[in-house]
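Before anything else, here is the set of structures, which you'll find just below.
In the two assemblies presented below, subunit A is common to both, partnered first by subunit B and then by subunit C.
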Partner chain A sequence: MRILRIGPLGITTHRRTFAVGLALLAALAALFVFALMQGQSGISVLDSLKAVVGIPVGAPADFIVGQVRAPRALTAVLVGAMLGVSGAVLQSLTRNPLASPDFIGISMGAGTGAVLTIWLVSATSLWITAAGAVVGALTTAALILALSWRRGIVPLRLILAGIGMGFVVQAITQYALTRMDVHDAGNALGWLVGSVTGRTWTHVTVAVTVLAVLLPVILWHARSLRTLEMGDDAARALGIPVGVARSVLAVCSVLLAAGAVAVTGPIGFIALVAPALALRATRSAGVTLLPSALMGALLLLAADQLSQLMPATLQFPVGVFTAAVGAPYLLWLVWRASRGGPS
Partner chain B sequence: MRKRAVVAVLCLVALVGAVALSLAVGAKQIDLGTIWNSLAAYDPEDPLQRIVRESRWSRTLIGILAGSALGVAGALMQSLTRNPFADPGLLGINAGASLAVVLGLTTGLATGFATQVPLAFVGAGLAAVLVYAIGARGAAAGAPVRLALAGVALTALISSVTYAVLMVDDATLDQYRLWVAGSLTGRQSEDVTALVPLVVIAIAAALVASRQLEAVALGEDAARALGVRIGAIRTVIIVLVTLLAAAATAAAGPIVFVGLAVPHLARALVGASLPWLVVVSALGGAALVLVCDVIGRVIAPPGEIGVGITTAFIGGLIFALMSRRMKVVEL
Partner chain C sequence: MTRLQTQHAVIGYGGTPIVRGVDVDIPDGRITAIVGPNGCGKSTLLRALVRLLTPTSGTVLLDGEDIHRVPTREVARRVGLLPQSPIAPAGITVKELVARGRTPHQKVLRPWSAADETAVMSALHSTALTDIQDAVVDELSGGQRQRAWIAMTLAQDTPLMILDEPTTYLDIAHQYDVMDLLHRLNTRQERTIVMVVHDLHQAARYAHHVIAMRDGEVAAAGAPGDVFTEELIRDVFSLEARVLADPVTGTPMVVPAHGPGGAR
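Take a look at the complex of A and B:
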């Protein structure tokens, strides 16, 4: 056990969690540098790093690294972290490793919100689309809650209601796509694919803003989250305002997922897999927020690098790769659960 | 018995009404007299009668075919897995059929409808076996949710592979667009007519097998005591579900939730008797798909939206509401 203190923020952490966190950070840094260097053009490491922070180093590096590779890699890192934390909070709140914003309709709701803003106001500004995604995700989450609320919330009922709502909001998206004009529809479709290709510093700014607002709030409530895992009664006995803490955390988780969808479009399975891998690596008894964030960032950045390494005819959006890894993991979870293990 | 017969007759009346709607409503409204004439005294010179004969009939036929196949497939699947959330669309069986067709198109194996249907059957069969093996074992606590999640995961996996193939191959994408829309248009009526005997035979076989399946639903020991060969009947049911789901997908593209919602409503009307459930699900499924198609025709003028979108919207709501009614014990 050790306690990290940064100003008023105190994080109790196990030695192993700390070590895993450092290792993940190191791996992430290495992969980030690799992402900057990857591809032809022969720009040195030093020049690349200078270009990222905006020190002019000459023609090719300033553009290729500074305007193309750096925003893309940073977007992958930030969105991966958002998805990792969002999934970790949701899985902890529902006490179920199968809960993930991309399965229970929340990411799809965010997508519908964004597509509706593109349709109704022909939005091209990322900030407006992001606002639409947030409204869509919150509305969907509220509907899921309302549909599954019956003298309290049962996590599995929540998941089922979420799967149903996912189909409903996707139908709305499809309807909007058939109704909007061709130019907007192309715009919306390109975004619905879920990709970090061609992201700019504006995307990075939106992602940083969302993370900077929400992550401190979630970390502030991290202790409540761990205590809630022991059950409502225990949490109440320990003086946690159960209702408030849970609502704040749930809203933050939904907003993080919505922010991620707004920046990159829906990318599946990171929010499902990252927290589980983080738990496994740290062998922690409860939710591990920062390792989940780092794991999510590492996974998405790695998936994006993998997609770039493929030959030119096989350049798929990153979501295809995350699904190819994440879906078998989910099937394995279900399979293990049906053998009578913990579900 | 009498109540069930009344329900079945009412479903038949509803289906006839839905057929009339499907023939009459569209970009051009056609009155019932003209429709009747197009059947009884066909006059090829009358443009309205030609619309009915040449475009709306095949569309209606596809709707009946896909709807009844999906309704019966859902009823069988729900009884087999003893799981209220079993639906060929939700469980990834339709997605499996689509992937097989896409692979066939891209390798040049599937050149026409006649080769696409067997491929759809193979894909649907593989997906059905996989999802059954992963998610349907045991009736222990949590089984319904596991099966639904296994279906969602399998669908995601299959769709990402399908998508990857389509990204690479533009020619396949062009042909595949007709499949994914979940639409009753875009098929040649001769092609679909060829599927009719298949679906009729599969539904008849489902009726014959349903008594035995009912015995299995009582529990394995009880079924053995009644002399039912459990393994054989399970195999037969999976084959029938696969046939029906693949035929529906081949005819109308992947449509979700018809197989979920229709048997569920049918059970509320006729109880647990499986033969009646099969009959009512077939009639109700056909009526539902036709009504959803008509809604899709009028909701977004001057365009149309595919029947798959309408059923996903309505079915998704029903699914979410069903989860609300589930007892915690069942979860």
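Take a look at the complex of A and C:
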């Protein structure tokens, strides 16, 4: 075990985890610059970077990079990170690689909450939609928990109840869509597809706020999360306040997923795949949060860039792309589980 | 002297209590074995001793204080537990697992200290795992894996160690490996050890103090020679047995009084 100590913060990590983190960060930075430069306009790298931080460099760059590409790319990065962490926490808590917010109905619940908000209050403010998404996600999560509770959390029951709840809340969304004003319904539908297209600095602000509040709380409980993977008895015997830690972590995970849905609409599979890829890359024993965040960010940004590189007739929203990558992974998981292999 | 005791402890999971008002003293610096038939409440009592369960009435006292008033982390610095079926995170190495035992001594943003490293290395050494510290736990044999878990509990560096059936699922050689290890930890490091065991022969050989339970009550407690009598075995386990002297150690050896084919 090679351990690396990082300065006065007293954070320790494995060298491999650290190296993987750095590599992901570098890839993310490169892809981000690529995202700023992509397309025709002949704006230099330096001008692009200036435009991102709001230094005026002239008409086309200020708008194309500063107001279109930068917020879009940043939204992808932030939402990808939120989904990665949300999935990592949920998978760790349930000790099941299938437990991700988009798979067990929580993202759908957030979507339903947001659509209901659009319908009932005709909300146009992102903050109000986000609040609706949070309420929807928390309600759905509480219902899933209540349905699957049997003297404690039973992971498999939780996942089945979650899949069931996913259908229920989607039915509610459909119903709301049929009753809404046509204009609102159009907005809601466009948003429900899941996309980072046309995202603005407001979206970035919402995403940053959600991440800035929740990520520190989750990192603060990272040790508890890792210890909980050893079973409740072992965790409690090691001095972890099991009930409190689990509740805090679960709520943070749900809120992250809700925040992500509020900003981009439901984007599938990132939360499912990113933590698994991060685990494989770092070969970490147990949950690895920051690599999951970086992996999620990288995946979503890459998916968005890929979708933009396609010919115009094939430019699907990014959610379609992530599904195209994620669905085979899900099938592989199910296939492996059915063969009784280790998960 | 006793740092850990129960007073009229009634313990259960809601509904009918499983342990019904027991007074137990765990003698310091000794090995205590809790024995009894299935369902007698021995594991339940053990869980209450480490605060995994709250008595519905009565108390568990740790150093004279109600254990439920002691902060969780503080309990974990004084009492270590090896649960019956702990889960090793996939891919974890022996040393990483043992290092997890340092959890109650660590804080957020506090680096891995020299004391942590020393405790882990010494735990690996005591359990003869130093050479395979980088091996992956999933790939170890049952006996090695159990030693790794014991090493984790050791690294926790608690004066009291509690083990729930530490030898179950191990073959006979590894069972005695584990028992010898616990004996060494007790004599060399003066750790107080409490364990639930099924094998009366092991209990008699290795424990200084035996608590025999039946139907949620303490049927007898004391030195193995005083507890393991033919009468008590009949009483507690409903087994007609002869108690002989172990030819090696002289400790009591319980042998069923009937041969194959049954007595009844």
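Here is the rule we go by: the second predicted complex is superposed on the first by the 331 of 343 C-alpha atoms of A that agree within 3 Å, B and C clash if a C-alpha of one lies under 4 Å from a C-alpha of the other, contacts with A are read in each partner's own complex, and residues count from 1 in each chain.
The rule is short, and it goes like this: a contact is a pair of C-beta atoms (placed from the backbone, for glycine too) under 8 Å apart; a residue touches a chain by one contact, two chains touch by 3 or more.
All values reported here derive from a predicted model rather than from experimental measurement.
Novice: Figure out whether A:Val33 sits in contact with subunit B (first) or subunit C (second), or with both, or with neither.
Specialist: neither
Novice: Based on the superposed arrangement, let me know which partner A:Trp220 touches: subunit B (first), subunit C (second), both, or neither?
Specialist: So A:Trp220 only meets subunit C here.
Novice: Determine, under the contact definition given at the top, whether A:Arg95 touches first (subunit B), second (subunit C), both, or neither.
Specialist: Only subunit C is touched by A:Arg95; subunit B is not.
Novice: Applying the touch criterion given at the start, work out whether A:Ala250 contacts subunit B, subunit C, both or neither, answering first, second, both or neither.
Specialist: In the superposition, A:Ala250 touches no partner, neither subunit B nor subunit C.
Novice: Is A:Ala237 touching anything from subunit B or subunit C once the two structures are fitted on A? First, second, both or neither.
Specialist: So A:Ala237 only meets subunit C here.
Novice: Identify the partner contact of A:Leu49: answer first if only subunit B is touched, second if only subunit C is, both if each is, neither if none is.
Specialist: neither
Novice: May I ask you to decide whether A:Ile128 touches subunit B, subunit C, both, or neither, giving the answer as first, second, both or neither?
Specialist: In the superposition, A:Ile128 touches no partner, neither subunit B nor subunit C.
Novice: Contact-wise, after the overlay, does A:Leu25 reach subunit B, subunit C, both or neither (first, second, both, neither)?
Specialist: A:Leu25: touches no partner chain.
Novice: Now for A:Ser284: first (subunit B), second (subunit C), both, or neither, which partner does it touch?
Specialist: second
Novice: Do subunit B and subunit C land on any of the same subunit A residues, and which?
Specialist: Dual-contact residues (subunit A): none.
Novice: Subunit B touches which residues of subunit A in the complex?
Specialist: So the residues of subunit A touching subunit B come out as 98, 103, 144, 147-148, 150, 154, 156-157, 159-161, 163-168, 170-172, 174-175, 178-179, 268-269, 313-314, 316, 319-320, 323-324, 326-328, 330-331, 334-335, 337-340, 343.
Novice: For subunit C, which residues are in contact with subunit A within the complex?
Specialist: Going through subunit C, the ones touching subunit A are 47, 50-52, 72-77, 79-81, 83-93, 95-96, 99-101, 103-104, 106, 108-112, 133-134, 138, 156.
Novice: Taking the complex as given, what residues does subunit A use to touch subunit C?
Specialist: Spelled out, the residues of subunit A in touch with subunit C are 1, 3, 5, 9-12, 95, 220, 223, 226-227, 229-231, 233-234, 236-241, 283-286, 342.
Novice: Along subunit B, where are the residues that touch subunit A in the complex?
Specialist: Within the complex, subunit B touches subunit A at residues 85, 134-138, 140, 142-146, 148-150, 152-154, 156-157, 159-161, 163-164, 167-168, 256-257, 300, 303, 305-306, 309-310, 312-313, 315-324, 326, 328, 331.
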